[in-house]
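After the structure tokens below, expect a handful of questions from me.
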Amino acid sequence: MSSLILRTAIRYLFPIIVLFSIFLLLRGHDEPGGGFIGGLLGATAFALFAIGYSVETSRRMLRFELHQLMGFGLLMATLSGVVGLILGEPFLSSAWIEIPIPGRPEPFKLATYLFFDIGVYLVVLSITLMIVYALAEE
Amino acid sequence: MELILAIVIGALYAAGLYLMMRRNLVKLIIGLVLLSQAANLLIFTAAGLRSPNAPLIPPGEKYPVGDFADPLPQALILTAIVIGFGVIAFTLVLFHRAYQSTGTDDLDQMKATDT
Amino acid sequence: MLIAVLLLFALALAAPLIDRAAGRWTGAVLALGPLAAFLIIARWLPDVAAGETITQVHAWADALDIRLSFYLDGLSLMFALLISGIGTLIVFYAGTYLEGDPRRGRFYAWLLIFMASMLGLVLADNIISMFIFWELTSVSSYFLIGYDHHRESARKSALQAMLVTGGGGLALLAGLIMLGVAAGSMEVSQIINEGEVLREHAWYLPIVILVFAGCFTKSAQFPFHFWLPNAMEAPTPVSAYLHSSTMVKAGVYLLARLNPALGATDVWLYTLVIFGGVTMLVGAYLAIRQVYLKKILAYSTVSALGVLVFLTGLSNVDSPEAAQYAGKAFAVFLLAHALYKATLFLVAGTITHETGEKDVTKLGGLRRKMPLTALAAALAGASMAGLPPFFGFLGKELLLDTTVKNPDWMLPLTIAAGVAGFLFVIVALLIAVKPFWGALKETAQHPHEAPFAMWFGPALLGSLSLLFGLFLNPLARPIIEPTASAVMGVPQEVKLALWHGINLPLMISVAAVVLGILAFLGLPIISRILKPFDALNRIGPERGYYALFNGTLKLASFQTRLLQSGYLRVYLFITITMSVGLIGWQILQLDVLPIVDQFREIEVVPFVIENLYTLIVAALILIGTFGAVHSRSRLSAIASLGVVGYGVALIYIIHGAPDLAITQFLIETLTVILFVLVFYHLPQFPRISSVPARVRDLVVSVAAGVMMTVLVLIATNLETEKISDYFAENSYELGQGRNIVNVILVDFRSMDTLGEIVVLVIAAVGVLALLKLKPPREQERKNNPHEADGREEAS
Amino acid sequence: MFTLAFEIVPIASLITLNMLAVAMLIAMVRLLRGPSLADRVVALDLIAALAVGVITVYSIYTNQTMLLRAGIVVALVVFVGTVAFAMYLEKRAKP
Amino acid sequence: MEEIINWTFQVVVVFLLLAGGIFSLIAGVGIFRMPDLFTRMQAAAKTGTLGVGMLLIALVVQFWEVGIFIRAALVILFLFLTAPIAAHLIARAGYISGERLWRKSVCDEMKGQYDQVTHALSSGKWKQDDP
Amino acid sequence: MKMFVANLLLAVVWSLMSERGTMFQLGVGFVFGYILLWYLQPLIGHSGYFTKVLQIARFLIFFIKELIVANLRVAWHVITPASFFKPGIIAVPLEEMSDLEATLLANVLTLTPGSFSVDLSTDRRVLYVHVMDVDDPDKVRREIKEQYEKQLLEVMR
Amino acid sequence: MNWLIISPILLPLVLACIMLLLWRHPVWQRWTALGGMVALVGCGAGLFGVVYVHGVQSEQLAGYGAPFGITFVADLFSSIMVLASAILGTAVTVYSMTNIENRRESFGYYPLLHLLLLGVCGAFLTGDVFNLFVFFEIMLMASFVLLTLGGERGQMEGAIKYVTLNLISSAIFLAAVGILYGMTGTLNMADLSNQVVWIAENRPEELPLLTILAMMFLIAFGVKAAMFPLFFWLPASYHTPPPAVSAIFAALLTKVGVYSMARFFTLIFTHDVGTTHMIILVLAGFGMICGVLGAAAQNEFRRILAFHSVSQIGYMLMGIGLIVMLAHRDDEIAHHAVQMGLAGTIIFVVHHLFVKPNLFLVSGVVERIGGTGELKKLGGFYKTEPLLAIMFLISALSLAGIPPLSGFWAKYILVLAGLQLEQYFIVFIALLTGLLTLYSMVKIWAAAFWTDVPDDSPVHNAAHMAHAKHGIRRMIYPIAVIAVIIVLFGVFAGPIFDVAMEAAAQMLDPSAYIEAVQFEEFSPTLGRGEEADS
């Protein structure tokens, strides 16, 4: 669509939406949100670009190839489960490394579920865009 | 409360199924969407509506405070919703392609593979 | 004994290779197989003749009581020797008969499988193993009958044989299983001792009926006899083999085998006597009405099978003497028939092979051209006609003895047997005399004496018909006596003699021969007289077969049109109706009143006030639903759908599920975007279905809806302890998260989530493939829109 | 401690909630009536905005701040839906 | 003192809630009653946005936390940014797809300015001569 | 410099999005904002962003006032019979302005009394506005230009 | 053990990811896929071995005990199914290298195949009702895509029916899960089994509610299993995709439905077998007849095969339905016969898992050479492709239950059990159906193999033949291997029956299954108490 008003708005909305989607992803373990919701919202941002500008522009914004992103996301989610297996626990068991943060009483926990959720995020983002792009290009 | 939702669920099922039995591709998929809404709402209701409070643990606590909604059905429905989205997206495109290759959206004319 | 059977199976697999390697010696080489089997079996002849039985057991599926166990007594020995002995000659014969046919290798493969199965069938002790061999004979005969498969008639006959015998076989399976269960053992050697138990068993009658169904179809008893003459589509060596000693006699074998176990009841006796007798007469009559050599022989086989069944039945009569005669007659007739019938078939094959003619009325005077064949035919014919001192004479005499000695029904049975004998004479003359005597007739090919392989077998078998007759006790008795014993179930003392003095049977015999010769001479006249009766064939059992066959096919296509109609809405209707029926039926079994009462207690006004916003959101959803159903325009349907989705999301908000609500809002919006992207291409809305259809669908859908409502109410009405507290209490400590729903998703039940993203990945690949991967033709059309046929642009 | 005879905020929330719901219902009528697709889209858009309102008021009513996140997402995402509809409308108008 | 502040806050919340609710209701009624697409959008885009905005402010006052304030502000920002743009898009698309003004409308200076094919909007008599 | 401001803003937004804004959250937000801005380089061009706080404040107050007035007027229109107003679409010629300015102007017009922006001409010279009460199109044009366009441009530049 | 029980889903999943990353290299995907399938066979064999030696195995995914976490359970039946599916998957992968054109290969055929197997194996192994739903959806979605991959018109039309009817089933499944959770408060199958026993003892008035649930699951699984009268999607669609896909569908999809039904109706819904299993038995009977008649009415190679499945599903359900007799008889013979019937089902499932796909694979070769699947336009294959003919015969005769091939044993055991349980009518139908099956197999044989090559057949075209014969060995070899398996199945019927009886015993007495699941002690008041203190 060739509305200048829309395009301008998108330029300012887009970073906010993407940022918010990442926020939802990373804070999802403690507050409403998570990989799906973040991924879907992120996809919405790119979809907005595809509608307001063109699929090509949107793809360029994304930079990564969707198949790769999708495969990578799925692999990441899977492998985050394998970590437990390697440690002798059942598949998908959580494992984490505690990273002490200066100025913070609790250490930061780099946990497998975080990678799991990021995998979900990437998959949801990429598949949604895959579908939207393919349809928009028809 | 359950009564109201139960009726809504029934209506969604009835409408979804009715639409699916039409001859039109578009109605079929709308029916499918209604059906999946109905199923999700059904899980939600059947599991019991315990509380209006979200199942969140407040900062500083280890357990939820007071009463809270049952989190398990929520997780199940979330999964079901997302699966449903994938399915609907695929079905939608399938119908679109079926329309392209058969040249009609009348389901009654799509029976070459059966007879 | 397993070795003999396996040897033949192995030879069958090797046959195509041997055929390629051995060339014209194939027949001779392959004949070594059955010969070896013959010798292996024959080794036990002295033991069996001495009254012993031999049992061998090899494990197979012991838990199912299925073993590869073998049992050798007189009956199985007799059959095994016939099968392998005649088999040797047939294999030898066929090598030359099919010289130059590229399919000979396959032919041998099937023939040897058939032979091996037949051997296994008669040797098997375990009735299920026996059944396995039984089915294999049906299958391999299918391929033998359909040897000339490029001809439709061959395919049809093969199918007919397969369906008739296969159908009987399935009945037999049930019968045998019940027999085994009832007798408490699956071994023939045990079962034959359980006669008392079986006759008292509640399953006795079904067992007998099922066994009859199997045996009568296999052994071409009236009214299932029609498949056998049609099976003459097979090459002649096969016909000779199938009909003389093997496949068709499997039924007879089984009846005789089970005679001690299931016999001695009225139903057994009368059924066998009646069916056997009728078959005997009908077969013989139909035989003389034929002109083609093989058809004549085929019907005469039907008749002979009738005789054997008839005799099996009669072995159960009250009169011990008659019964003994029947057993003896059975054994003798079995052997005699095998010998002369194989000879005659082979002779018929040789005649056709040399002259190219099948019609007996167009043949004559061949005795000079092919003297050895004529000799063999004469020997066998004499035996068939029952002339002394041929072995066939003894068979016929014993048959008549049996009927005469039996006080019940003496007259009708004797007359039947006599008539059969009379008709046999005609048949014998037709085959053995007509082509060879009289003036030489012109035929398509110039006949010569057949090659060695093709006259050797008939000549040998024909000679045996004579030799057995001449040396009854030294040659025939060792095998006849144990056979008769096996049929009777008790050891028999058998003394064989051609000369019983001048008695009623002899007189009947003589009369039959004389009348037979006369009738043969006057056959053209008789034929003309009988001609009108051929019309009866049209109402014969074969008509029944075709009626059933075509009826089944019609039913099949009717049912398929009805159920698999191609209308998705019909499928859905059936599916939904089925669900409503099954689930609703169970709901109706319940006492739903308590639930209803619970809602009756609700006071309307406070309820409405308290739940007003819920009610309004519900109303929003309901109106949206109505809009989606009723809307005439697609896009307003989509918009209504969006409202439904938002309404549902609000419900989630109201009941403490923010994650769900957010997801629902997002998905709903994305769905709307997808719909919009797709519907841009789709044509305008809808064609409207008929009012009755709509009412019908509405009724079913509403019923389904009501059902779901009730189900939800039932589920919410129960007080159940749920597992969810665990998640709440461990979410923070075990899952390190405060959002319990998310912790469930990425930790407690992360497998669900992993699965779910897999679904999404697949869906995306699917969408991509659907949109980007079009059939080449369609792709082309898209690239060259000018050549488009315009259909797709219809929107 | 100064206390009111009754809690006024929950009651006001409830009233507002019902007002919003009624507003939605009225907008729903427009959505069904149309007549044009654009009218329906406007109605849908309004319903979504009202949904944000419902979420807001419900947060107040049940004292849950977390619900607001849903409001943010709705506000963001509904816009995208409307854009899609508008795009459809325009595309359809192309000769 | 604390009670008074508390009480004032509550009154403010109630006021904002009710006002927001009423504006929302008006938006609903407006979209229902107005005669054409454009006048309906006048109602929806303004009243709906303000109504919801007031409710969000009520939320801020009720909870009185920085986090809530920021988030509510975010929502308001989104709403004020997106609602007019959505209205613009629908109006534009509606106009292009043949939506006509109410019969009692006074003027339509946009008439005929859209290109039928490209949907480019001409600036009419204010068009600049140089490219 | 501009980038830095934007980045800082994003970081603040991030830290405030969570319940308790802490330095840690600010740091994380800064990193993410940095990555994001780096990522979006092709998108965010040059934009003059000198803000006069006073002007903004004044404009905001004006805007809120107008917003409320607008709503009351709509309410009035909704409640009274339809024949009381005279709507129409008029073309408002615009000064040279950036995309953002044009967009904001359109938004502001939509949210303020009696008017809402239908579309911007492709050459960005004219904003077509739907107005509830058109007595004299030129007068409306003038009002819009003087009240809204001028003030907004003052704030933005 | 951790690795082994999870490997049937982990392996395909990881390999599918890798293949997705190799999206632009279909040839690499091929060999990855083949390697994965072979490895899967190894995993399946290992799992079967462990279960066979050590009994039922289980794993609590993510480390949370039952009934809270998701349980994976491998008993004999499930490990047999995993192994058989993997073997078949390997065969089909090799076959696909020739049968699936490049354009299909380059749109994710191999990863889809793996994901389909992931869904199937997951459905076999999971011990959680909702997780089963998820695996069903994976399998279903993969089948949707494989079914439509290529975009031919027939595929689209068939897929619409397939997709719609299966989605109805999913919706019912989901609703059933919801109601189930509402009624029982748990999702773990072993826990459910315990609950049912508990309800039967303590609250018998609630048992009818369980029957309602049973009916819902019956419908949901019935559609997936193509049970009468819910089978319409199958004949409408199975013959439309490339034969390799038809084959894998015929092998796995309905089996999962049957498997689930067998699982649920032995482990959970055993409270009212007189009602529930009678319904299964009756529907099984109708299915047998209806399917075989439907096949008799078809005139195309693959349509016949497809319709047939409906009938064979009837056989598989028969063994489950025979449990009905436990409502009427409690003697040892009846128990043994019921066990035998279930063993019959297991054997039938495994037998059919090889035989039917093999027939589809043969049809693929026939179609490739003959240019069509229409029987009228085919002919001469007995003469020109004798080896193929033999392999067809082995499979076809096995399907028709001709001894001593695999199908005979399956049928025999069912008939034997049916007779011992005095269910004469179903036995009658089963036998009659066998005859009609034989008829339709012979029909294919006669038309495609026995008749002469029609004059207008592309077989006479040298260019066509050169193309058709190219790479055909990769199609023939898998067929031959499966044919050998079918024959061996008959030869080793004894040991196979013993294993099946053992598997049936495990199912009929769920205690081994339940004991294998690692339950976690949890008393909900604990956390609350602490909270109250703080």
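Lettered A, B, C, D, E, F and G in written order, each chain numbered from 1.
Throughout what follows, a residue touches a chain if its C-beta (ideal position, glycine included) is under 8 Å from a C-beta of that chain, and two chains touch if they have at least 3 such contacts.
Computed from a predicted model, the values in this text were never measured in an experiment.
Chemist: Using the contact definition stated above, find the chains touching both subunit C and subunit D.
Modeler: Common neighbours, subunit C/subunit D: A, B.
Chemist: Taking contacts as defined above, which has more of them, A-F or B-G?
Modeler: Pair with the higher count of C-beta contacts: B-G.
Chemist: If you average the Cα atoms of subunit B and of subunit F to get two centres, how far apart are those centres in Å?
Modeler: Comparing mean C-alpha positions, subunit F is 39 Å from subunit B.
Chemist: In whole angstrom, what separates the CA-based centres of subunit D and subunit F?
Modeler: Distance between chain centres: 22 Å.
Chemist: Report, in whole Å, the distance between the mean C-alpha point of subunit D and the mean C-alpha point of subunit E.
Modeler: 12
Chemist: For subunit C, jot down the residues that touch at least 2 other chains.
Modeler: Within subunit C, the residues that touch at least two other chains are 564, 566, 568, 572, 576, 626, 654, 656, 658-659, 662-663, 666-667, 669-670, 673-674, 677-679, 681, 708, 711-712, 715-716, 722-724, 727-729, 738-739, 741, 745, 747-756, 758-764, 766-768, 770-772, 774-775, 778.
Chemist: Touching at least two other chains at once: which residues of subunit A meet that condition?
Modeler: 1-3, 5-6, 9, 12-13, 16, 20, 30-33, 36-37, 41, 44, 47, 51, 70, 74, 78, 91-92, 94, 124, 127, 131, 134-135, 138
Chemist: Return the residues of subunit F touching two or more other chains; collapse runs of consecutive numbers into ranges.
Modeler: 13, 17-20, 103, 106, 117, 119-120, 122
Chemist: Output every touching chain pair, sorted by label.
Modeler: A-B, A-C, A-D, A-E, A-F, A-G, B-C, B-D, B-G, C-D, C-G, D-E, E-F
Chemist: Which subunit A residues qualify as touching subunit E in the complex?
Modeler: So the residues of subunit A touching subunit E come out as 1-3, 5-6, 9, 12-13, 16.
Chemist: Inside the complex, what are the residues of subunit D that reach subunit B?
Modeler: Touching subunit B: residues 58, 62, 64, 66-67 of subunit D.
Chemist: Touching subunit G in the complex: which residues of subunit A?
Modeler: Interface residues on the subunit A side: 67-68, 70-72, 74-75, 78-79, 82, 84-85, 88-94.
Chemist: Okay, in this complex, where on subunit B does subunit A touch?
Modeler: 54, 56, 59, 78, 82, 86, 89, 93, 96
Chemist: Spell out the residues on subunit A that touch subunit D in their complex, using ranges where they run on.
Modeler: 1, 6, 13, 16-17, 20, 24, 31-33, 37, 41, 44, 47-48, 51-52
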